[in-house]
Amino acid sequence: MRLFITQFRRDLVLAVRSRSDAANPLVFFVLATVLLGLGTGSELVPGVIWVLALFANVLAVEGVFRRDHEDGTLEQLLIHAQPLFPAVVGKLAAHWALSGLPVAVLSPVAAIMLTGTTTGIGVLVLTLCIGTPALTLLGAIGSALTVATGRGGLLVAILVLPFYVPVLIFGAGASTAAMLGDPVAFQLLALSALLAACLTAAPFAVGKALAISQEY
Amino acid sequence: MCRLGYLDTIDVESAFGVYCTPQNRRRGAVIRPDERANLVEDDLLVAENIRCTVGDRVLFDGLSFCAHPGDLVEIRGPNGSGKSTLLRCLVGLHEPDAGNIRRTVDSLYVGHRSGICGRMSPIENLRWFAGLTNASADDESIGAALGAVGLGHARHDVCDSLSAGQQRRVSLARLLVTPAPLWILDEPLTALDDDGRDFVGELLARHCSAGRAAVCATHQVLTTAPDAPATRAVTLGP
Amino acid sequence: MGWIKTTFHKTGSPRWFFTGSRPWVIGLYVFGALLIVIGSTWGLGFVPAERLQGNSVRILFIHAPAAHLAEAIYVAIAIAGFVFLVWRMKMADMLIQAAAPIGFVVTVVALATGIIWGIPTWGTGWVWDARTVSTLLLAFLFFGLVALRQAIERPDRASRAVALLALVGVVNIPIIKYSVEWFTTLHQPPSIEIGKKPAIAAVFLWPLAVNVLGFYCFVAGVVIAALRARIVEREAGAKWLRDWTVKS
């Protein structure tokens, strides 16, 4: 737990300190929403918001380990964090708190901008709150695999977007169903199951990928 | 004398472990069982027959050495001979292609990359490091460590604004924050001024005389302190 | 148990594999091609036109084996990834490197033939059907394996990263499939149920089986040939390879 808190606090402080970095996914999300509002109608709104949140997520998570790799704090983390699991989770939790969470919090505004109604907005926020941490955990695998290459960007997107598909399907499915007034329990449960699976398995894969990246 | 990639000389001053004699060098420095028996007892680090390659090139093969309490092991060799790779093997960041590495105690590593986050202050960096290594360091002892490396006045500055030498001092302050019996240092004198070099020398002398050990990759004379520790050199081939 | 260990070690030796595998390549090429010719001639020339789909059903004799094979290749890659990460067996890594682009091509063939078949049958080239979507995602996974290897400069590091990605991918495939299936049952029930395996008539089944086997053999031959090329690339300069070249 101490490792989790140590890493979580550090990354939170760093993210708050470089505000524009932390704001990038959020600004992207808003900007894309506006563009979509200008360009399309309103039937598909929850799905569209989900896709945007997903892209914002992949853009943000792509560089989550890069600076740590460059300044050597990543290698210190790998040497000393025993076990590595809580430290990785702490790092990603801090990352999510300033990328996924703001998007989830802001999504009602986007939904109202695009639909003009408030039906199903609670479910939309809930699915984003459950779904985006799963996305961050999955995306971190791609980010960790590419951290030593110096180029992430599109490559990370290609690597992880296929893995995002289940989260997108259930997240967008639940939000759309809620807007139409259909039951959503199954999708929410499936989404929670995905998050639980990601939370238990992904940090191990991330740790392994980071260890590989530090090999000479 | 120099066979490509092979261990070439070892053991300068110490009576401990002549692991790699000219006779057995060609076979890859085998430790005979009777030799090993009296060596593993109290050593902090044992490397046995390790081999590292980069692509097709063999950096070293059959390399064996150990670090006893009180030892300062110097890893020497020209650029590209695998000094950094060897140290990364010792600390567990890199897995050698063959051989065994046993560490019996906690170790600290100061590498080429500082391990210091540029957007945080020295004190924040060390606080994070203490949390990472589970060291019971409060702000006071961290401040003392920074004072000892000569950065007491800059403890709240952002590390990006510090010079390269000052950043290296912050890295070295980690050695004071977290107690560990084994230090693994990659070119610890880089970017340091004369003062800093003397400081590192004293630090190493004090560390080793307390029955602990250090492994350093270096091109320079590490310590000229009067109570210089038992120095052994592991020289890597070209 | 002894023979398992011996086989494992032998397969792990590039030299043993390289010197012994040439007849296999030729054999698999010939046998696979023969089966494909038989199966395709049978399927294209002698099987009656399907009641609902007419002659367009015949492309399934290519499509179904390719789709089948694509998944098999990915599973093989993932197993090789596991072997490489655990035992550091170089051959496993070379197998991944050789098979990934081939898997990508096979997946694209499956998708392309699927689209060609879909246009007259479904009235559209693309349907958000579970199998279609997961095959497309499989193509991305193959592409990712190739792209990641190219992106990482250090070959040994690239090998391990790719092996890990392959493993992560194979864990995800069932989840992706399940979710897409759920998605499609809700949104878009398949337009036509024909083509599902249990419903297939025996006249179609036999040439299809021959073709599936033929595809497996032929692509196995291609993979082994690509693997041999990788061995030459990586072991260039090894003495045994020079001796072998001189000898033959």
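Order of writing sets the labels: A, B and C. Residues in every chain begin at 1.
Quick note on the criterion: contacts are C-beta pairs under 8 Å (C-beta built on N, C-alpha and C of every residue); 3 or more make two chains touch, one makes a residue touch a chain.
If you're wondering where the values come from, they're calculated on a predicted model, not measured in any experiment.
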Per Cα centroids, the chain farthest from subunit C: B
Chain whose Cα mean lies nearest the overall Cα mean: A
Chain centre separation (subunit A, subunit C; CA means) in Å: 32
Centre-of-Cα separation between subunit C and subunit B, whole angstrom: 48
Length of the line joining the C-alpha centres of subunit A and subunit B, rounded to whole Å: 39
Subunit A: positions in contact with at least two other chains: 215-216
Per-residue multi-chain contacts in subunit C, two or more chains: 156
Subunit B residues counted as touching two or more neighbouring chains: none
Contacting residues of subunit A [partner subunit C, same complex]: 141, 145-146, 148-149, 151, 155, 158-159, 161-163, 165-166, 169-170, 173, 190, 194, 197, 201, 205, 208-209, 212-213, 215-216
Residues of subunit B defined as touching subunit A within the complex: 54, 84-85, 88, 91-95, 109, 111-120, 124, 128-129, 131-134
Partner subunit A, residues of subunit C touching it in the complex: 133, 137, 140-141, 143-144, 147-148, 151-154, 156-157, 160-161, 164-165, 167-169, 171-172, 175-176, 178-180, 182-183, 186
Complex interface listing, subunit A residues touching subunit B: 2-3, 5-7, 9-10, 13-14, 17-18, 67-68, 70-73, 75-81, 87, 211, 214-216
